[in-house]
Structures are given as structure tokens and as C-alpha cells.
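Single-structure report; data block below.
The chains carry the letters A, B, C, D and E, assigned in the order they are written, with residues numbered from 1 in each.
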Amino acid sequence: MVAADADGDGRMTFVEATVRWLTDPASWEGPGGIPARVVEHLALSVAALLIATVIALPAGLAVGHARRGQGVSVGLATVGRAIPSFALMGLVLPITQAYDPANGFTIYPTLFAMAVLAIPPILVNTLTGIREVDQDLVEAARGMGFTEAALLARVEAPLALPVILGGFRSATVQVIATTTLGAILAYGGLGRYIIDGIAQRDDGMLYGGVVLVAALAVGAEALLALLQRLAARRSAEPIRANT
Amino acid sequence: MLDWGWIGDHLPQLAFRTAQHLELAAIALAIGFAISFAIGVAAARWRVLYPPSAAIAGIVFTIPSLALFAAFVPATGLSILTAEIPLVLYTLVILLRNVVAGFDAVPADVLEAADAMGFTRGRRLLRIELPLAVPLIVAGLRVASVSTIGLVSITAILGDALGGLGFFIYEGMTRFFATEIAVGAVPTIVLALVADRLFLWLERAITPWSRRTRTATAG
Amino acid sequence: MSASATPAAARAATVEFRHVTKSYDPAALRRGAPGAVNDLSFTVPAGKICVLVGPSGCGKTTSLKMINRLIEPTSGQILIDGVDAASRNVTELRREIGYVIQQVGLFPHQSIGENVATVPRLLGWPRARRRERADELLALVGLDPATYRDRYPAQLSGGERQRVGVARALAADPPIMLMDEPFGAVDPIVRERLQNEFLRLQEQLAKTILFVTHDIDEAIKMGDLVAVMQAGGVLAQFGPPAGILADPASDFVARFVGTDRGLKRLSLARVGDLPGRIPVTARAGDRSGPARARILADPFPYLLLVDDGDRPIGWVDQDDVDGDGVLGPEQAIPMSPLLNRRTTLKDALSLLLEADVQAGIVVNRGGRVEGIVTAGMILDWIREQGRPAADAATADEAAAAAARA
Amino acid sequence: MSASATPAAARAATVEFRHVTKSYDPAALRRGAPGAVNDLSFTVPAGKICVLVGPSGCGKTTSLKMINRLIEPTSGQILIDGVDAASRNVTELRREIGYVIQQVGLFPHQSIGENVATVPRLLGWPRARRRERADELLALVGLDPATYRDRYPAQLSGGERQRVGVARALAADPPIMLMDEPFGAVDPIVRERLQNEFLRLQEQLAKTILFVTHDIDEAIKMGDLVAVMQAGGVLAQFGPPAGILADPASDFVARFVGTDRGLKRLSLARVGDLPGRIPVTARAGDRSGPARARILADPFPYLLLVDDGDRPIGWVDQDDVDGDGVLGPEQAIPMSPLLNRRTTLKDALSLLLEADVQAGIVVNRGGRVEGIVTAGMILDWIREQGRPAADAATADEAAAAAARA
Amino acid sequence: TTGGGSSAPSTSTAASGGASAPASAGASPTIRLGSDGFYEAKLMAEIYGQALEAKGYTVDRTGIGVGARKVSAPALESGQFDLKPEYIGSGLAFYEPGKQTGDPKANETALQAVLKTKGGGITVLDYSPAADQNAFVVRPETAQQFNLTTMTSLGAVASQLKIGVATDCDTNPVCAKALKDAYGIDVTNATKLAACDTPMAQALKGKTIDVGELCSTQPDIAVNGWVVLQDDKQTQPADNIAPLVRDDLLAKLPDKAGFEKVLNDVSAAMDTATLTDLNKQIAVDNKDVAVVAKAWLQSKGMIS
């Protein structure tokens, strides 16, 4: 990338600026400091993911198990993927703000948009994962007198776990990357550095923010990838005895 | 609630923006797919390539479009080229994973049979692996097309000349005009749903073998 | 928690099929097309093993699954101890029926121990008792609990998985067991071991077992009763193996049991079933005079030389037994096959074909001579068992066999 | 385009293993651990079927895959017509070797016709010729081209898929065929048909075939030569089936071929191999006097009554042949089994066990009497074929058999 | 640049056949217009465009409505477009944070000084009396409750109110520093939002904040009957609007003077009140920018 900086004073590339900003102790101190911003960023991201999970996971499990209503679920997921997050924020803003002038402006719209962003991958992966559990196992379980609930909880869900976690993975990355939008509505988080960096013509702050977001996203992804591998380990080999 | 009169007055714009939206999305998808496919094929063969390329795709995904635009405009102008850069980059995250998964899903015994009959590497890839990877690859294209159609709006930052339906969304938001936001958002969703169906149909069309149900139980 | 969970309830149950028909496409059935299973009727008495055997696709699995209602019959009833299964609570019912599926179907995400304790867990047994039960069962199927308890299915060989499958089905000590090709996927050596182990097991458990296979030899070996099914889910013949071998009800059955069914019948009888025949014996070191007298009096031209413990040493041709002298081991010609009362006639005949003496020697556990068996005795015996007269079918079939060969 | 594509090249080739060892973990091998295959040496002459048989995991598939270099040996060589396979261009080599993979491995996305024509396509045959060839091969394996050509693999039954697998391997008429449990996944009836069809096929094709199975009966039936392998990829015995049955090289081999190997040997010999024996016959309507004279002169106490075409009617006990009178069909006791020269001794003996007469009647295609066979004749013959003396192994084994039973 | 732009209805040319084009117009290059994304900026750009077209110039509007100065500034400098309406105060602040003053003339001079060196030279033409002042605004009830009229009066009660300030306030001397020095208002904990933009207005409207930094021309003020607090200590820079033109374009023009006159006439004719009203037509009556621009030019007789 070419240096976006066109300041009269000294041609400093955004790389130098970024390094300088990241290494400046001042960037790490106080309520606007990096640690604080990271916490804010994660707080909203995690909250959004939790909400999405509470909605999408049970729905996905139910649909996948019943093998009915898949078309509808996937359709909804598609809609969710297609609406731009900032448009969503704009649309819910007046409503949330009416209930709570403070948080209804700075937090809820972003939280809502992020939750909507996270639902599709979790929903679709969950129902696909459940649907693709080896039917012989499902039958074996039924044959042994599992109730449908027990079947879902003890056989289908555990076996679908790797796929479900895969959904969380992409949801997490997307949410962490997009939570930056919150700064437009005066929320904290790493988005602040990007918005302020632009407003204050501070490339170091802008790209520093970008780097931090990327690091956070990739870190979270790596963590979930690890979990996914652990979950996949047991059921790695297919156990059909046919030689 | 909606100002139908306004919509009526702006049908030509709506048509033009919809076409532009499709153009931007289609180009992004085509290029994104080409890149992902190339990397995916390589990664499917040389496993070591996958983690790094996946990681890079993931990182790129987190760069805000505004930053990308700011960086590229002086070089590439307020052009479609500039607009496509983030769009293309964002598709990689989804497509790359699915292309690789697609090739991984090809049954080992089929590959072995192919080798045993003297297929060359390239030929095996073209005649055996590729067709069998299609279902998962198309699945990736479905998701990618939908999210790309959603993302096209961000190109509105590059000026009224771009942005597809996103133009309405942005302008609508600067003046808090619900009708205009809806005129941008609703067609976007419709396009996404249509694209999703289209790829589903495409997959059915090019994988006839998977549609036929077995007429006899395997012994 | 269902009564069947307590070992007290470990009685077997009778299973009765009453005009059971199953079509996966009832519309077609109404148009008169045959179902996967058609008008199936038979009864399995409590504590017996009934083997369903037939070519692939003939409806064996379908029939089995209708018992624990994984599939509901299109018409007809299945009675368990006289109660219509359809009237039972389905999960209750299933927990009283052990089920070993065609593809083993162990849960890959659970340890072997957890897999085995699945049904006890469903029945809400306390952890300690579950664990105890799992170990007990693993030992029962010949897997050392300490070694296998905490492994995962992927870490087991095909044969080991099959045993775990059986153990899991036995866990709640159900009165009925359904086993769908439980030994299908393993090589012949392992399979035979599993079969023998399972028969031993059944002697203690005495459950009612419905066992599916498409290997007729397995059916004959395992079954107290055999139900031969043919394409279209029709019951071709039902009865004890011996009866089916002796008297196939149709050309299909005859072809299915194979042209060598005569020999297969031999595998159902044991040396002990033959009329005993005592050979002329003499101790090494005996004077040969008296021995010679006895052997000449006997139709069988060989003298059996034994040691002080009456354990066989070898044969002496009557012509080599001179008027006076001493019988020494050096005279004896090499040993012929040793049998015991539990050797099947098939093995016995086979061994006799190998030996260069017409007689096999029957010994008891201590190795003492109990008698001898000749090929002739076996042939005569089986012929007596055979039905009154060879009918046309046999001849046709001989021709057929000849043609095929 | 490789020469082997042209039918002209459809000659068979010899395949020789020279001290071939394969370890999937060479490091372990250097530490002295055994490989999957160890020091394998044997030669398959051109045009012969060699069956590799052994328990699961003994290295059969590994050995096979080293021939077409899907797996490279860790040490040793494999010579094809004297040329080291390792020195050949690998794709070239593979196109000259037909391979029927254990899991069939049809291409799910190609029609049956395309599947069969795979190698011809690789060899650049023109479309028309490919299609023609595919149809020809489908017919050859007993699948109607018109019906199956355009189906997809998922629409076929297990047995049908295996046939397509065989057809595909035959497509370019390769001099060598590798077949890994080609009939593994089908039920016994279909399997027997496939086996017979394939043997018929091989009579015309006369290829060099390496055939893997873990079913000893299949090995005996299919193999000109049998290589018995045991755990650890060790060659336990190599030779013609008869030899292996008659004289197992080790306890393992003896146990693997089974305690009834004596009977198995019978399935290798045919009625035609027995010394012919002509019964005393008489036409219905003949005067009984002369007949009586002849029958009394014969050790076999029955007279065979035949019709004008010398076709058998039935037996007459010599005591029922009175001095003067006329022989009538009503006197004849029911027919005993009809055999022909190609009936295996196993089937013959089995049929004799069913009949109530000691003798089976051998007839020619026209149904004319050619001779008779008695159980005694079969037992005597097999005993002569048997090795000089029953050795300890047999006895031990008999005991073992007894114990197991 | 994209063909899509020129064919975009939102930027369709309103060229008037009647107007007499300068003889040399044929030789004159295409004028590539640009502007920031906010409707007021787009409106000014559109007015420039139609005025020029009336004089026979051909105009390419590809650069209009570029989302953020972060993008539009480099676009102008790198020659993606030649002409752009700019707020001389904020424009100056963008390059020289803190240099801006309450005196438009000074701002213009300073800005011109900076731009001389940017992208091969950019000229600031006459600025218009129409100024878009940064102004602090409160809801009427708030004004009554604390009887607020001036910033000074706000200073007294600032601590009891939630204040919304521009995103760059901390680093912008005429914001944080000026407010502190002049009125003793501490904005370190204030809500940061894009000034003069919808979110700020929405925040004030929805009572998320009580005081918002808006722009004097923002229609929301009139529409909601908000009270503008008078900047009695003259801290806020004069943000008059002026056209920025790339020198390389001016050099190519056959009739440089004529071209500048067109734009300077427009600037002269525009004033704050009018601009506010035009904004209202767009943001409240939802009229299209091009339509509003045309109507105004006609009313001024600059186009027929």
C-alpha cells in the first residue's frame, strides 16, 4: 500500500507512524489507552456473540434435528448476511434511543447489528452440523431408547461440535472486525482509534487501530481453531468397521 | 410510512443503481473466486500453504474499507478498481476455506482408483477432484455472493458515482430519510436471496450425479 | 426406571410376528406392488436364538427394526410376551431390547466405557454402578476393562469394536437382543472366535436373540431356529437348521443353503452322537498271542496299541501280530486323528480324509481311548438321519450343481 | 499412446516379487520393527491367477499396491516380465495394469459408461471406439449396456458396482490385473455368480491376475496359485491350492485353511478324476436270468436298470433279480443322485450323504450312464492323493479341533 | 474513472442549450468536480457544476460525494478531480490543525499558503459570505431551564450537561483548548461524534446529549427549534465556503478569468441563510441535490 499521508511536515510512511504510535507509552495509558479500548471492544463483541448464540444455537439444533424448516432458516441467514451493519444501526437507533437515551445511542444499535451479523454463520453451521451426523449413529441411539432430547444433547450435538465451532469461528472474526463501527455512534473500542485517527489526521493511530483489530481477530480465530481441533480429535476417524 | 411518491420519481436511479450493484458484486466475486481457487488448489496439494494463506485472508478481512480506500485512491483513483479492492479481499476469507474443504472432501478411494489407472496429476485435478469438489465450492460461492452483495454499499464512500444501492443507504442516512434507506436496503436483500437461489440451482445443474437417488441398496 | 434394568428382570421373552408387512412406499403397496417385507409370521420362543438369513436386500434389517419400532409395520403385529409392541411406550420398549446394528454404530465421542454404559445411563443408574457394569461386560466379551475402558472407538480394531457393540447391547441385561450382522465386518478367523464366544455367553444368558446374517454357515452354527428369507421379504422356510438342511422347502432354499448341505448337516452332529464302537486294544509289552486271537475275531483288521494309561500309541496290522512274541511300540504305524465326543462329524470326516488309516480314535479328557470312528460309520449314520427317500429335487439339483460347476 | 492399448498387446506378463519389504515407518524398520510386508518373494507366471489370502491387516493390499507403485517398496524389487517396475514411467506402467480397488472406487460423477471407458480415454481412443468398448465390457460382466450405460454409480447395487469395477479394470485389455477383494461387498449368492463369471472370463482372457481376499474358500476356488500371508506381512505358504490343503506348511496355515480342509480338497477334484467304474446294467424289459448271472459276479450288490437310451431308471437289489422273469421299472428303487464328470467330489459326496443308496450315477450330456461313484471310492481316492503319512501336526490339530468344538 | 459515474442520474448534466459558450470553449478541458459526502458540500459542487455547464463547460461529476475528507483530500491532491467546494476553516484545520481563526480572510490566506505546495498547486478562489460556522446547540427546554443564550452562560452549567463535540476536538485547538480557555468548558469526557453530521443531530434529538456541536447551516436546528448558543468570545473559526481548483487545470483553461468569474459569482450570490434553506429542502423536504441546485441558480438568473 502507498503511504496515505500527505502532510506537509516530513513524509512519514504510515508504517513508521503506526510503529511510533504503538510503541508510544502514552497510547497505552488511561481510559483512552489501548488496554481499556481492547476491553471495551471485547466486551461488546462477546456480548453480541452471546446474544447471537442464545438465539441461533437452539434454533439451529432444533431445525437440524427435526430436519424441517431448513429452507426458511437459511433464507433468514441470507437476509442477515445481506443487510449492511451500519444500515441496521441507523434503522434501530431511533427505537433504542427512545428507550434509553444514553446506551440506546452508544451501545444498543451496534450490539444489535453485531448480533445480527453473528447469527447467520452460527445458525447455518449448527443445523448443517447436526444434519450431517452419521445416521447410523442416530439410529443406534434411537434403537437403545434415547429420548429425542437425549439424542440431540448426547449424540448429535457432541458429534456436530466441530462444525458448530467452525460457525463460531467465522462469526467471531466478523464481529470483532466490524465492532469498529460502534465508534461512529460514540462507542469506545478499537474503532475509536480508526475514527479519531482519521478525524485527527493521525495515521499512526488509524493504522495502529487497524493492526490491533486484526491481532484481536486473528487471536480469537486461533483460539477457536484450537478448540475446534480438540473437539474434532475424538471423532476424527470414521468408526464404520467395514474394511 | 414510506414515501411512495419519492420512490416513483427515482425508479430510473433505482434501476441504474441495481445494475451497478450487480456489476460491482459480480466482478468482486469473479476475481475473488479466481484468486481463492488458485490458492485453494495449491493449498489442497501442499497443506503447509493453507494455514498462512487462511490467516492472511483473515487479517485482510479485518482492515476497514475506509483505510483501504484512503490508501489506494491516490494510486488507483475514484475508480471501480479501487472499489473492488476491499470487496475482492473480503471474499477470500469465505471462498478459500471452502475451496480447500471441497478438495479435501474427495473420497480417498476415488483418488486412489484414479492414480491406479494412470491419471497424471493435472488430469486427476481437472477430471476427478474438481467435479467432486464442486458442491462445497458452490456452497462457498453462495455465502460469498450474499455477503459481497451486502458489502458493495461501502463503495459509496468513493463518491456518488459508485456505491450501487449503497448510494441510497448513505444519502438516506445523512438526511435520515427512511424511504431512501429502504430503497437501498430492500433491493440489496432481494438481490442476495436471488443470488443464493441462483447458485443453488447452478450446483444442482452441474452435479447431476448427486441428485439421482440410489435404486438399490449397497450389499 | 424400567423394571428390565434390574437383573431380576433378566428373563427372556417370546417374540411373535403376526402377518407383518412393511412397505416403504405404501402407495405402491396399495397398487399391489410387494413391500420390503411381506406377511411375515413366525414365533421365537423365549431364550432361543433365531437367525434371519437371506440374500442382500431381502428385508432382514427391516424385519429386525420393526421389533424395536425403528420402523413401524405397514400392517400386522409384533407381540413381545404376547403384548403388541405397538401398544408400548417406544423408549421404554427399546430400553428392554438390546440392539447391535449392522455398522456397529459406536459413539465416536464417547470412551468405550461410556459407550457400554449408554443404556444404564439412560435408565439413570448411579455412576459407580454404571462403571462396574461396564467393566463386567467388557470382561464378559473378552476385553480387559483396564486396557479398553478409556479408549475411544477409533482406537479399536474391527473385531474389538464388534465386541464392544455386543457388550453395549447387553448392558441393561435386556430380555431380547437384536443383532444385525454383528460379526459381518471381521475376517474369518476373528469371526469364528466371536461366534464361539457368543455361543458360550448365550449358554449363561439364555436371552431371546434375533440374529441377522447373510452367511448360511453362520446361520446354521448360531441358530436354534433359522428363518430363511428371500427377495421381496418373503419367509421361504422357518425351522431348526437340521430340518432346513435335511429338507429345504423350495428350490430357492436348497440353492441358498448350498449343494454341500449334506456336509453342512455333518457339522450339526458330534462324534458323541454316533453308536460307540470299541476297537481291539493291547498294551505295549503284552504277549502277542492272545492279542492275535482277539484281532482275528474282529472285522476291523487293525489292533490299537495303548500305553499303561490306555492312551493310544498306534495301530498294528493284524498280519503283523505274530503268534508269539511281545508287542512293541516300534511295530505301531503312525497315529491317526484323535477325536473327542464333541468333535463335529464334519471335522471328523475331514480329518479321516487326511489320515491314512480309516479310523479316528475317540479319547476322553484324560486321553483314554473311548472308541473309534470310521468314515463308513459317519456315512451310514447320516444316511439314517436322512429323510426316507431321495426325491427328484435332489437329482435335479445334482444336475444343476454339475451344470454350475 | 502406450502399446498395451492395442488388443495386440493383450499378452499376459509374469510378475515377480524379489525380497520385497515395505514399512510405513522406515525409522521403526531400522529399529528392527517388522514392516507391513516383510521380505516377500514369489513369482506369478504369465496367465495365471495368484490369490493373496490372509487375515485382515496382514499386508495383502500393501503388496498389491506395490505392483502398480501406488506404494513404493522400502526395499526389494518387483519385476514385470523381468523389468523392474521401479524403472518404468509410473503412469505408463499403471495404464498397463488393471486395478480393482477394495472399495470399488467408481467415479461418482461419471456415468457407468464413462467410468468403464476411463483408461481408453486416457489413452486417447476415439469416442466411438471408447463407447463400443464400454458396451462390450458391460456385456462381458453381465450388465446390459442399454440399461446401465448412462446410470450413475449411486444408482447401482453393491454387486453391480463391483462388476463395473472389474469392467473398468479390463477396459484397456491390460496384461496384468490387480483385484483387491473384488467380490467382498456382496452376498454369497451374487458372489458365487461373480466368481464363476470371472473364471469363465479368465478362460478367454488368460491374463496374469493377482487377487486379494480373506476368504480361504474363495482363494481355493479362484487361485491357480495361492499365497497365504500372516500377520506382519510374512509369506506363510505359496503354491497351488491342492498342495496347501494337502500339506499346510505351518500351524498357522493349517488353522487358516480350516479343520475341514480335507473336505475342501474334495472341491478341487471332479468326478472325472476318479477311476471310472462301470455298473452292471440291464434294459427294462430284458429277461432277468442273464442279468442275475452278471450281477452276482459283481461286488456291487445292485443292478442299474436303464431305458432304451441307456438313461438310468433305478436300482434293483441283486436279491430281487429272480432266476427267470422280466425286469420292469416297478422293481427299481428310487433314483440316486445324478452326477456328471464335472461335478466336484465335494458336491458328489454331499449328494451321496443325502441319498439312500451308496452310489451316485455319472451321466454324460445326453443323460447316458457313464459309470457310478460311491462314497468309498471318493474316500479311497482322496486318501491316495493325500501325503504319505499323517504327521503329528494333524493329530495335534485334531485335538485342537476337538478342544475348539 | 468509472463510466458509471457520468451516467449516474444523480449527476446528470443540466446543461442549458441557450447559454452562449465562449468561442474557445471547444478547446477547454473537462472540469472534473469533486466534493465531500455531506449534502451541503454536494450541493455546492452541483451548483458549481451547473453554473459551469451553463457557460458551455463540460463537467464530470465522478468525484462528488466522496465519503470523507480522509479520502477526498488525497483525491484532490492526486488529481482525481480538479474542483471542490471547501470550508476554509476546517480545510485549513485539516492540514494545519490549530491555525484556523475567526477571521475568514486570514483562514483563506493560510489555507492558500498550504495548498500551494499540495498536489502540484491548488488555488483557493473567492470565499462566499455563506459560512457554515461550528455552533453549539441546545434543545429549547434545556435553554429555558438554564436560560442559556451564549457560550459564556453555558460555561457556568456545563458540568451538569452532557456535551457532544467533534471527533477531533481533543487535538483541535479551536475546540477543546478554545472552549477551556474562553469558557472554562472541559470536554475531555464529552461524547465524541462527527460534527455537523447526522449522528450528532440524532444524539441531541434523542437526548443522548444536551449540547451538540453542529453547523450553523444544518437544517435540523430550524426543524427542531433548537437554540444556537452565541459564540460571544469568537472562538469558532469562520468556515466560509470557497472553491478549490487545481492549478494544472487553470493553466489549461483558454479563458481562466471567465472560469474563475463563474465560480466567484456563485460564491458572491450565496449566503448563510439561503444555504440553510437549501439544506432544509434536501434534508427535510427530501429534494434531490441537483434539483435544488438548479432551482437556486435559476432564481439567481445564472442559468435559464
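FYI, a contact is a pair of C-beta atoms (placed from the backbone, for glycine too) under 8 Å apart; a residue touches a chain by one contact, two chains touch by 3 or more.
The structure presented is a predicted model; accordingly, all values stated were derived computationally and were not measured.
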Of all other chains, the one whose Cα centre sits farthest from chain B: C
Farthest chain relative to chain A (centres taken as mean CA coordinates): D
Interchain centroid distance [CA atoms averaged], chain A/chain C, Å: 59
Distance from the mean Cα position of chain E to that of chain D, given in whole angstrom: 95
Separation of mean Cα positions, chain E and chain A [Å, integer]: 38
Multi-partner residues of chain E (each touching 2 or more other chains): 68, 70, 74, 77, 202
Numbers and ranges of chain D residues touching at least 2 other chains: 56, 102, 157-159, 186-187, 190
Overlap residues in chain B, where contacts from two or more other chains coincide: 66, 70, 74-75, 173, 176, 216-217, 219
Touch list for chain B against partner chain A, complex: 55, 58-59, 61-64, 66-68, 70-72, 74-75, 93-94, 143, 146-147, 149-151, 153-154, 166, 169, 173, 176, 178, 181, 184-185, 188-189, 191-193, 196
Chain C-touching residues of chain A, taken from the complex the two chains share: 136-137, 139-147, 150, 155, 158-159, 161, 234-243
Touch list for chain C against partner chain A, complex: 65, 68, 70, 90-95, 97, 99, 101-109, 118-119, 122, 152-154, 158, 161-162, 168, 178, 185-187
Touching residues on chain C, where the partner in the complex is chain D: 55-57, 157-158, 186-190, 196, 214-216, 255-256, 259-263, 265-266, 270, 334-340, 342-344, 346-347, 349-358, 360, 375-376, 379, 382-383, 386, 388-392, 394-395, 397-399, 401-402, 404-405
List of chain B residues in touch with chain E within their complex: 3, 6, 12-13, 16, 20, 23, 66, 69-70, 73-75, 77-80, 156-162, 167, 170-171, 173-177, 179-180
